[in-house]
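Two complexes follow with subunit A in common, the first pairing it with subunit B and the second with subunit C.
Coming up: the complex of A and B.
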């Protein structure tokens, strides 16, 4: 009645699946993305949930960031401005076509810029392109941009990775339309959008820069960093970004190439200059002086994974970087300054941080140990990463926090973060003389002159500002040795179409 | 009466679980918009536009009420940030997770019963000791460690199986098969370990009991005694363990799916929580809770039916 038969044979059937073999597609570049937006990734380049790196392959910019950070022609061939830098005229490339066959014209360029300015689309890019007053297509290949104020480096703003050219016809000229159909002029065309799993892009053989190096790009969603590394090790993907502390997995393996690309991401320890004790310049100076930046870099990210900084928010790869600023460690000097400021016995400070970026907690802890040597007791307060930007950062009752910034051009970072009225003025920096420097730079005719003015602005921040910036982080990229021609530049600047695969 | 009672208590627990989940998620810092905008949430204007668009500027009780009311009509609602009905988001992932759980169950349930019997018929033998040792280790090690070892050995060193799952959304079941081998083996190891121990000790206990003695005396063959009498008596309690480990399989699946990048309910749950996508989290919780309570109800029913003493005791 209760007779049962063995069903163990079924287990053996599992063995049959062992016939798996990975097809080595030489013409398909397989990369991964971290599914940071959980499958909501949009192909609209101005959307807050833009799908990187797909948009970088599907759409072209008017100008690309060149190796030295200066704009290089892309869809715009040449440009000039009025003497006062308020009106810019761009000559566009002829004969460029969108993936659907429609020609690219100044109409599309004007439309693409106008959408960025449309408040309804809530584009984060609007914060710095808000300087644009009007955009017009003069003729099919001429674009005219009128600015609200002078800006000698306006073209540099257009090198941002989100300022991409879309088709006005695809949107039927509707500025409110969300453009996620993936029609661009870029080196790759959309075959299939599946952000949750595998998104497939095919080479655009008619791209104006010539046929891309691979036939196809698969963008594979792998949320977990360890899983991503394992996929790389098992040969399931060809290229990925890795965290600095994971380089060891690949460094001694001949099948992989590790690329350390200098880049401009940074995590400042932020002091609000309008709140005590940080409103005293001596305290700010002391808190910066006491730090041993080299050992901070070594402890937090590893020597090879970043370049040292002296509290200037402009990264060394920027054409306007001021390389003459120095910042030696001086613990005794720091103690002296604190004593002059009324803290002869040191002081106790709460430093807020969160794991928004993995190094933000280690940085706070390493700094805590160094500060102790100068008699400063730093209490590291780790708070949840969720809601950090809205509940902790930039709140006057949290005057001492760890920040997180992506790479920005000099003009952009100085204006977005250090103007009194700027939304992201995290140090509550309020210095009309400093802002006058920024205005002066924007209307200076020569590059050398601008470099000298931006250099001065950086020196002021290094000396008196509220950001302590010990280092800039590199980007670390690992790729299979079958992949070639991966340019030594940050992801946002990477020419994907040049990459080849054996 | 007992069935009705069991059903009622399960509906009540589903309701309680949903309440706890909703309010627990609500107390976490941040919301769907701070998660969605990430660093862009530093812009208060963007944040405000987003909150208005998603309707999360409404008071919490209003939102819970609306959600619960829709649920009564069998509507799981619309995902906050994916802009699609929750049921539509869940469906392909549910299929994938069930595939994983089903294959694991098919592989591990018979295996654990067979191994349990083998160990029980030779208690103290070298085979018994080896089996016990292997599965004790499998039981003690966390699943993600076993998974990582599996990947290192079979995916990276030997390259027999893929390390992570790479398939398009809604891929046919056949395409999923090579990808699920390592997750299935990992999940099965843990399940077999638990169930085998129970089967083993039950069968040993029964083989030593009086009624088996009686069977021997009546001259029944060894196999008839083992499969005809000892096993049926040992199975009902084992079924309970099996049902519970099937249910806990669903919990294990969350970790396993993440490690193997498997596109299932587990990874979806983690993402939904990360995104503060309340309707989606609740939708997944409904599915998990229904499965869990369903399985335990099933286990109760089956063990009642299979229990030789059932007629005498359970309807009293």
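Coming up: the complex of A and C.
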């Protein structure tokens, strides 16, 4: 009796062992996503709820961002424009097929771009691609784009991480349809969509760039940053971005590779320029002037993990970055401005933040301490991370919040975040003269002239805008040493299909 | 003055035999309880730890070596040293100073809530026992309904409605944690309500409130205080959980729950930033539980014949 029972226990134990310890498929790359949209993650690349990084693996772009953000061929092989930069013609790659076997053609490319312009889909991308007037498929491999206004860097806009090619047939040509079927031309095909748990993608052996480096990608939902680090340490996932101050967990461990990629991610302290007291430019200026940016960077991310900023949203790696803007700390000047604005005894402000990114609470606390020196009492209000973007961010009754942006090219960030009516215009910036500058830059044929005009636009924001940007932060990526060929580029540019696993 | 014991029926037993305070004041009952607590080892430890915590919380601002809010960019997550004996945290703040001051808000908020729960709970419980009837039934059903609510979830909702204002939680904490005090005080009062000296007081024509305060309260106070101490211990844990989740104390005020939450992501790099607030919080809670335990033993021994429950 005893013997048979113990044998039974052993069989059970072995069974459990086999179940739970099935050797990790070496051909499966396991990554995580932060469930930032609470399970509403959509496979429609232009949706505000776009599912990162799944859309980057399922769909291809016409052009990829290359060095300095300049376009490199992907589904489009070559391009040229009319002399006045209002008409662009793109030659598309031949022989590319969607995951359902249908060939990719200029019809699909035209359809994909038209969807972005459809107001019903409320895509944030529309705020900078709204300059497209019409798109036509001239023939199967030729796409013609007519712009409302000239734009010499139009192709740079197409390198955005959401401008991806979808199948018009899969959507039955319906421009209003939300595309959640996951039919793209990308290196991975959708096997199972489950944003709250594990989303499974399978390699697309027919991909035009060749067979991807791994057979399968599992995207596992892990909302908590600490849990994500633990999953990485325990080998449950192979690759993740970590906060700069968490690097110590992995640095000395030979099983991991730490990759520091210079990048232009930024966390602004956002002041809504249409709500008191931030509608007073003196208050905005004072709240920026009082800050010691070097010390903020050192405190929150460490000197080595990012570059200093002067409230211009264009990062130093961008060809249009204006390097002449300075922003010295001036606590006395800040006090004087506040006094002029009617706050001689300082003021008290509620700053909302959440642990959406690990540095968002420390940044608020570090800024709070500096603001106190200028007589500004900042009350840090920590609110839940889930729902932060829908319930707190960009709400007029929460005019002072910590934001979070990925790296964007100059024209993109300036248009996507600072045009009146843009979906993600978080500072409610409404300045026709500023928008005129952007239009002027777009239509200029000379790079130097564009640089000078974009530079002016950055200077306006630094001087008067509602974003306080103390620093840009790098991408800090950690991956298991069994993973290889992880390119030294930010996430939005990462060629996932090249990654291999031993 | 009529001696209540002298008119008791021998079969029921005298008030003294039952261990009741026939001629007592709340103050004397409290002193007696304290004396008994301090006669047991766990009572001494519990009392000592809690008293030490309270004293530290009171004088912390005067004894800390560093400003607990001062951030130092050159000392981020620094290991313990002579300048910073407990090391520094994510923003280079001194962990020792923050730990010493970290209990102030938690102790103040929970002590205030516990006091409110104690006074309110005892008043309602005793009144329910003395009046009986529909008032008693209604009170007890209400208490059971509150007990059925998931209190942490409820507190989270409240804390989210008033972010950063720890004292806004006092009424809610008091209500949630008073339910057991209502039950305990009612049960204790029921066993006293039928005692002859209470009947005697009524017969004398004493007002209800006088009977309640002078005859009943002294006899249930010890039991109620014991339960109050236990409630306080669990309230401390509840409040720190809220801070840990980001809903109790607003940054940058030093608070143990918040400190643990802030530093947990870097636990493997800077364990000291998590360790010391954990030590402080757990010793205080353990101390409060020891104290309550010693008190309940003391009271239990004395009141065992009637039992603590009806």
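Everything below uses one rule, namely that the second predicted complex is superposed on the first by the 314 of 502 C-alpha atoms of A that agree within 3 Å, B and C clash if a C-alpha of one lies under 4 Å from a C-alpha of the other, contacts with A are read in each partner's own complex, and residues count from 1 in each chain.
One rule holds in what follows: a contact is a pair of C-beta atoms (placed from the backbone, for glycine too) under 8 Å apart; a residue touches a chain by one contact, two chains touch by 3 or more.
These numbers come from a predicted model, not from an experiment.
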Partner chain in contact with A:384 - subunit B first, subunit C second, else both or neither: both
Subunit A: partner with more touched residues, subunit B or subunit C: B
First, second, both or neither for A:210, with subunit B first and subunit C second: neither
Subunit B versus subunit C as contact partner of A:295, first or second or both or neither: second
Which superposed partner A:342 touches (first subunit B, second subunit C, both, neither): neither
Subunit B versus subunit C as contact partner of A:358, first or second or both or neither: second
Partner chain(s) touched by A:38 [first = subunit B, second = subunit C, both, neither]: first
First (subunit B), second (subunit C), both or neither touched by A:130: neither
First (subunit B), second (subunit C), both or neither touched by A:223: first
Which of subunit B and subunit C A:245 touches, first, second, both or neither: second
Shared subunit A surface residues [contacts with subunit B and with subunit C]: 226, 383-384
Touch list for subunit C against partner subunit A, complex: 69-71, 73-74, 76-77, 90-92, 160, 163-164, 246-247, 250-252, 262, 264-266, 268-269
Touching residues (chain side subunit A, partner subunit C) in the complex: 225-226, 229, 243, 245-246, 248-249, 295, 298-300, 302, 355, 358, 361-362, 364-366, 368-369, 379-384
Contact footprint of subunit A on subunit B as seen in their complex: 28-31, 34-47, 49-50, 81-83, 103, 106-107, 110-111, 113-114, 148, 151, 155-156, 159-164, 166-169, 177-178, 180-181, 184-185, 227-228, 231-232, 235, 258-261, 263, 267, 270-272, 274-277, 306
Of subunit A, residues touching subunit B in the complex: 1-4, 6-8, 10-11, 14, 17-20, 22, 35-40, 48-49, 122, 124, 127, 192, 194, 196-198, 220-224, 226-228, 230-231, 233-236, 356, 383-384, 386-391, 393-394, 404, 406, 423-424
